[in-house]
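Shared between the two complexes below is chain A, which pairs with chain B and chain C, respectively.
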Partner chain A sequence: MKRWDDGAELADALDHGLSPQEWERLLTALGRTPNLTELGIFAALWSEHCSYKSSRVHLTNLPTSGPRVVQGPGENAGAVDIGEGWVAVFKVESHNHPSFIEPYQGAATGVGGILRDVFTMGARPVMLLDSLRFGELSLPRMRYLVDGVVRGIGDYGNCVGVPTLGGEVDFDPAYNGNILVNAMCVGVARKDKLFFARAQGAGNRVIYLGSKTGRDGIHGATMASDTFDETAEQKRPTVQVGDPFTEKLLIEACLELMEKGLVVAIQDMGAAGLTSSAFEMAARGGCGLELDLSRVPVRAEGMTPYELMLSESQERMLLVARPQDVQEIFAICHRWGLDACDIGEVVEGREVVAYWKGELAFRLPVAPLVDAAPRYERPFQLPPSPSAVTLPSFSGRNFSEDLRRLLASPHLGSKRAVYQQYDQTVGAATLAGPGGEAALVLVPGTRIGLAATTDCNAFACSLDPYAGAAQAVVEALRNLACVGAEPVGVTDCLNFGSPENPQVMGQFVAAVQGLGDACRALGVPVVSGNVSFYNETSGQAILPTPTVGMVGVVPWVLHRPRFTLRDGDLVALLGPVVGQLNGSRYLQLVWDIKAGVIPHPDYQGEKTAAELVRSLVRLGLVAARDISDGGLAVILAEMCDEIGVRVSIPGDVSPASFLFGEWGPRYLLAFPERFQEAVAAAAEGVPFLIVGRAEGDALVVVHDDEELIWLSLVELAHLREQGLRFLEET
Partner chain B sequence: MKVEVRISLKRDVLDPQGEAIRRVLTRLGYTEVSAVRVGKLMLLDVEGEEREHVRARVEEACRELLANPIIEDFEVRVL
Partner chain C sequence: MTWRRPKIGVVRFPGSNRDADAMRAVELCGGEAVPVWHESEDLLGVTGVLIPGGFSYGDYLRAGAMAAHSPVMKAVRKHAEAGGPVLGICNGLQILLEAGLLPGAMLPNRSLRFIHKEVFLRVERDDTPLLGKLRCGQVLRLPIAHKEGNWFAPPEVFQEVERQRLIALRYCSAEGEVAEAYNPNGALAAVAGLTNREGNVLGMMPHPECRVDPFLGEPFGKPFIAALVEVS
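Then we have the complex of A and B:
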C-alpha cells in the first residue's frame, strides 16, 4: 500500500481512472512525477465529472447570452434577471451513480449538493424539482430504489425547509442498471448581491465552514465517471451521508455572512471536495492559495493529505474573506452552531501550495490542472433518421380499454404517491405545486411569480435525439405557459451512456444540437447545467435523457393557476385538432411499437400559442394543460377531479389521432361559459375548437353519436393511482 | 433461541444523530464526551436447534433487511 507522499506511477494513474495518454499529459504539464496526493488531485479534476472533457467542445453550441442573463455557465449556478432588482439563480445536477448504490443517501446528498450550488451564489433557495428515471418496476431491487430515492429527496428537502414542487418520474428497462436522479434548485437573490467563486486579494484568508471532514466519498468524482461492472459492490464505502439540519444552518450562516458583506468569494465543496473548490476558486480568480491541511477539521483519526483533499464529506463550504473580518465570521458561524476555521490564505502567483504538519504536502500550478484539462473531440456517429411506422388499424378499437391501460401505467398515471412525500408548502409562497403543469412560487415580498418545470421525453429522444431534445424544450415552454409564465432561462442535465462509444456520442451531439436550436428559436438562454456520461452497465446504455429545466416569470401574479375542471366549464382544444401518433406513448405502451418519426417543433406556432395561453391564464380566464405524453385523452383524465366531462370528436377526424396523438402546440383549455366570448376572441388566428363540457360523473368521449370512451370518475381515480401504488404498501 | 443483533454505522460514515447528541451533551456540561455514535440493538426470538444455522439465517436477514450493508456493520450473537 502506498503512502500519500510516495511517487506515483502509470499503474496508479490507471487505478485513478486516467488513460495512459492522460498520464503522459500530466507528466508533461507538471514537468515531474507527482506524488500520490497530486495524482489524486489531477485525476479528480480531469475526471469527466469535473472537466467536461468529452462534452465541452459541443456545449459551445448552446446559446448562453441574452438581455436577462446576469451569469451564464461557468459559475456554481446561472442567474437571470426577473425584474424589480431580483434575479433567479438555478441549476440542475445529476446524482445518478451514488443513488444507484445507496438510493436514500445518494438522492438526499444530490438535493444537498444542488442547494449549495444555489445559495453559494447568495440566493435563497425557493424550490426544488427532481427528474427521475427508473427501470422495470417488476424487479424488487427497482422498487427498493424508487422508494429509497423518493424518501431521500423528501427527507432532505423537508428537513432543510425548501419545498419540492415539480419534476418527472418515468420508467424504462434501459435504466435497469443505471437510474437517473437529476435535482434542480431555484433560488432568488438581489441582483447587486450575487457572489462568485473567484478567490481574490493576496493576503485574504481562506475559511473552511461547515461539517467536519471524514473519509466519505473519497473517489466520488472518479466513481461518477466510471461505468458500473461487477466490482460496483466494492465501490460502496464511498457513499456519503447527508445531514440536512447542518445544511439548513449552512444556508442561514452563508446568507448572513453575505448580507453583512463579509465574503470575498465562496464555493461549496461538492464533487472532489476541497480539491475542486480550492483549484477552481484559484483558477477563476487568477491567483494562488496556500493551505495548511493540518487545520482542516476532521472527524476521523489519521487522515492523510490525500484523504483531506479528496473527501466528499457533505455540507462544507470554502470561502475567502478579508483578514479583519475573520473574527466576525467565526462569531456568526458559532452562533449558527457551525465549525469554521482559517485554513490558509490567498497568495500571488498561480499555484496551490499545501502544508501538512509543517511539511510541504504538495505544490501544484493551477493552469495545467484546470485550464489545460484534457479536451476530447470524441469520434461520433449521428443516429440514423428514424422512418415512419405504418399505423395499425383502429377500427372497432375499444378506446376505453386503451385509456385504462395508459392511465394504469406508472408512466402516465398520477405521481401522487411520489410527491405527497414532499413538503410542498414550506415557505408559504407556493401557488402551484406538483400535479399541475409547472411549479409557481411568489418571490418573497413581491407579486413576481417564479415558475419552473423539468421535461424530457426520453422515449422520443431514443428515436431521434435531435428532435426529442428540441421537443423537451417546447414542452417546457408549454408547461410554463399553463401557469402564465414566460421563459427566462434554461438549465440542462444531459444524461447519456459512455462517450467513448461513437453511437452514444452521436446521440449526445444530436441532442445538444436540438437543445441549442430550440433554445435559440425561442430566445431562451442556457445558463447552467451538468453532463452525466457513463450511465451504462455492461455495455447497456440508458436512453439518451437530456433533461431540460426551464424557469419562467409572471411579472405580476393576479390569479392562482388551476388545472382541473369545474362544473359547467366549457372545454376547448387550442391548436391542431389532431396530434401525430408516430412516436407517441400510445403506440409505445399500448401497441408496443417503439419506432416512428419525431417531428421537429413548429417554433412559430409554439410561440404564438404559448403567448396566448399565458395571457389567458394570467387573467384567470382559463385552466390550461398542454397535450403531451399520452395525448388528449390522458390530459383530459388529469383534468377530471371532482366533475366529469363529455367531449365530442369532430366527425371527420380520426379518433385515435385526436385522443392519443402528440406533438405540436396543443392545449386543453377549460373556462366558465361566461368567458367564452373573451377566450374565443383572444384565440383569433389560432385553431380553437370547443370540444366539450364539464358535467356528470364520468369521462365520456363520443364520435358520430357513438360512445367511444366511458370511464367513471371513481374508476379514473383508481386507475391513475395504480402504477405507483406499491410505494404506499408496506 | 434468543439472538441479539447490533447494528452500527461503518466507522467512517457520518452519523448526524450521534453528532447532534454530542453537541447537546457538550451544552449540558458533559464536555468530556468527544464523540457519540448511535446504533440499533435488536432482540430476536428464533426457532431452531442448531446455533450455527440460526446465526447464519439471522446474518442473512441482516444483509437483506435488518442492516444496510452499504453504510452499516452488524454483529450477531446467539444468546
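Then we have the complex of A and C:
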C-alpha cells in the first residue's frame, strides 16, 4: 500500500475516480507527478460533486440576476433582499448517496451541511425543508430507509433548534436503488452583515474551529460522484457521523464571532473537507495559504496528511482572522466549549502549501485545481416529445372509490407521520408549517413574512423533463401565493442519473431549460443550487428530479394564513373549470397510465392568478390551496378538517377532468359568505366559480343531482393516514 | 418609588434552543429577560427564573442529567428553596426532575420518537402563584415538542404526588376528558406538568413561550409566562 507522500501513477488516479484524460490534464497543469495526497486533493476537487464539470455549461442558462439579488450562485448560499435591511440566505443540497447507504446519519449530516452553508454567510437559520424520494414501500429495506431518514432529519434539526416546516415526500420504483434526500435551509441576515468565503490579507491567520478530524467520510465527494452497484453497502465507512449538539454550538459561536467583527472570511468544511474549504477560500480571495497540518486537532491516532485533507468529519469550520483578534476568537470558542486552533496563515501568491511534522506535505497551485477544473460538454439526446394518451371511458365510474385509493396512497395521503417528528414551533415565529401549502415564518422583530416551498412532480418530469421542470416552478409560485407571498428567489437541486448516458444528459439539459425559461418568465432569479448526478444503480437511473426550492416574501403580515374549511364557508374554484388528465396522478395511480403530454405553463395566467390569490390571502379574506397533485378532489379532502363540504360540478363539465385534472392556474378558495362580494369583485377577469359550501360531516360531490362522491370525515381522516401508518408502528 | 420591570433570569445551557423564544415571551409579558449563563454561580439579581427548552449538553447521558449538576443550578436550587419562582419548560422540566426540585423522572416517549403536536391540557391546580391565572378544569391548547416526555414515578412517589396534589396539567381531549387516547407520550396519569409542594416551582412539557404573541396562535401560553413575571 502506498504512503501519503509516494508518487502517484495512472492506476491511483483511476482508483480515485479520475479518467485517463483527466490524469493527463492533471500532469500538464501541475508540470510534474503529484504525490498521493496531491492526487487525492485533485480527485476530490475535480469530482462531479465539487466541480460541476458536466453541468456547468448548462447551468449558465439559468437567470441569476435581479434587483433583489445580493449574492447569486458561487458562494456557500444565495442571498436576496427582503426589505427593511434584511436578506434571506438560502440553498438546497442533496445528500442522496450517503442516505441510501446509512439513512439516519446520511440524512442528519445532510441537514447539518445545509445549515452550515447558511450560517457561514452570517445568517441565522430560521427554517428547514426536505424534499424526499423513496422507492416501493413493499420492500422491507425501503421502510427502514424512510424511517431512518425521517429520524435523522428530525433528530438533527430538532436538537439544533431550527424548525422543519416543509418539503415533499414521494415514492416511485425508480428510486428503489437510489433514494433522494434534498435538504433546504433558509436563514436571515442583515444586508450589511453578510460574510463570504474569500480569504484575504497576507499575514492573516487561518483558524480551524469545531469538531476534531477523524477518518470518517474520506472519499465522500468521490463516492457521491459515482453510481451504485450491489456492493453499495460496503461504502458505509464513507458516510459521516453527525453531532447536532456541536453544530448548535458552532452556530452560536460563529454568529457571535461575526457579530463582533472578528471574521475576515469563513467557510465550512463540507464535501472534501479541509481540501475544498482551503482551496475555495484561496481561489475566491485570489491569495495563497500556508497550513501546518500537524496542528489540526485529530480524534484518531496516526492520521496522515492524505487523511487530514480528505476527511469529511462534520461540524468543522475554517475561518480567516486578523492576528490581533485570534485570542478573542479562542476565548469565545472556548466559552462555547469548542476546539479552535491556529493552523496557518494567508500568504501572497496563489499556492496552498502544507507542512506536516516540519516537512513539506504538498505545494499546489490554486488555479488549475479550482478555476481550471475540467468542463465537459457531454453528448446528450433530448427526450422525445410525449404523445397524448387516449382517455379511458369514465361513465358509471365509482369516483368515491377512486378518491379512496388516491387518499390512501402514500403519494397523496397525509404526511403527518413524517412531519410530526419535526419540531415546528422552535423559534416562536411559525405562521404556517407542514400540512399547508408553503412554510411561513416571521423575520425576528419584524412583521416581514418569509415563505418557502419545495416542489417537483418527478412523474411529470419523467414524461417531459422540460415541461415538468417548468411546472415545478409555477407550482412553487402557486404555493407561495396561498400564504400571501411573492417569490423573490429560487434554489434548485437537480437530481439525475449518470451524465455519461446521453439520454440522462438529455433529461438534464431539457430540465435546466424548463427551469430557466419558467424562472425568466416569472422574473425569479436562481441564486443557489446543487447538482446530484450518478443517482443510478446497476444502470437503472432515477426519475429526473429537478427539485425547486422557492422563497417568497410578505412585506407586512396582517393575517396568519389558513388552509382548512370553516363551517359555512363558500368554496370557489379560481381558474379553468377543468384540468387536464394527461400526465395526472389520477391516471398514474388509479389507471396505471404512465404517459401523456405535460402542458407548458400558461405564465401570464399563472402570474395573474397568483397575484390575485396573494392579495386575497394577505387581506385575510380567503383560505387558499392550489390544485396540483391529485387534482381538486384530493385538495378538497385536504381542506376538510373539522367540517365537511358539498360541491356541485357544473352540468356541462366532465366530472373526471373537474375532480382529478391537473395543471394550470387553478386554486380552491374558501371564505365566509359575507366576503363573497369582495372576493368576486377582486376576481374579475379571472375565471371564478362558486362550487360549494362547507357543511355537514362528509365530503360530498354532486353532478346533475347525482351523488358522485360521499366520504365521511371520519373515513377521510382514516384514509389519509393509511399510506405512512407503518412509521408509527414500532 | 420608581417603576421597574421584574427581572426574569432565562438560563442558557450549551444546547438550549428555546432560550431566545423564552426571553421574547418574558418581554412580551412585561418582564425584563436576563440571560444567565450555565457557568454562572449567581443569578445576577433576578427575582424569577425560567429554564427554557432545548437539548442542554446535547441530552448526553439523559435529558437534563448534566444540566442538573451545572453551577447555575446550584443557584437556582437556592433561589427555589428560598421560595423564589421557577418555571421549567420541556428540557427545563427534565432538568428540574434530574435536580430533584420536582418529583419523578422522564422516560423516552412510548413511540420512541420525537413528537411535535398540538395537544389539549386540563388545568388541575389554580391555587399556586404560578398557576394563579388559570382555572381548575380549564382546557388549554399548546404544542409539545420532545422525545422524552413520558413522566414516570414509582408507586410510593406517585402516591405522594397525588396526596400533595402536585399534578398541575394533564393531557386530555378538547372536551377535557383524560384518557389514554389523548396521552401523546405515555406519561403516567397523563401528567404534562407538575408543581412542587410549596407551589413556587412549576415544570411543564408543553411550550407556552411560543403561544404568547396572539399573532402566532391562540395565546394559551400567556397565563404561564405572565404569572411568572407578576409573582417575581
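By definition in this document, the second predicted complex is superposed on the first by the 730 of 730 C-alpha atoms of A that agree within 3 Å, B and C clash if a C-alpha of one lies under 4 Å from a C-alpha of the other, contacts with A are read in each partner's own complex, and residues count from 1 in each chain.
Keep this in mind: a contact is a pair of C-beta atoms (placed from the backbone, for glycine too) under 8 Å apart; a residue touches a chain by one contact, two chains touch by 3 or more.
Since this is a predicted model, take the numbers as computed values, not measurements.
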Quick check on the superposed pair: does A:Q105 touch chain B, chain C, both, or neither? Answer first, second, both or neither.
first
If you stack the two complexes on chain A, which partner ends up touching A:Q314: first (chain B), second (chain C), both, or neither?
first
Return the chain, chain B or chain C, that is in touch with more residues of chain A.
C
Look at A:D243 in the shared chain and tell me whether it touches chain B only, chain C only, both, or neither; answer first, second, both or neither.
both
Based on the superposed arrangement, let me know which partner A:R215 touches: chain B (first), chain C (second), both, or neither?
first
Which partner chains sit in contact with A:S131 here, chain B, chain C, both or neither? Use first/second/both/neither.
neither
In the overlay, answer first, second, both or neither for which of chain B and chain C A:G337 touches.
both
Now for A:D423: first (chain B), second (chain C), both, or neither, which partner does it touch?
second
Show me the chain A residues, by the header's touch rule, that chain B contacts in one structure and chain C contacts in the other.
243, 245-246, 337
Per the touch rule above, chain A residues touching chain C in the complex are 151, 154-155, 158-161, 243-246, 248-249, 336-337, 419-431, 442, 557, 560, 728, 730
For the complex, which residues does chain C have touching chain A?
14-15, 17-18, 20-21, 24-25, 53-55, 57-60, 111-117, 143, 145, 147, 207, 209-210, 212-213, 215-217
Which residues of chain A touch chain B once you look at their complex with the stated criterion?
101-102, 105, 211, 214-216, 236-237, 239-243, 245-246, 299-300, 313-314, 337
In the complex formed with chain A, which residues of chain B make contact?
9-16, 19-20, 23, 35, 68-71
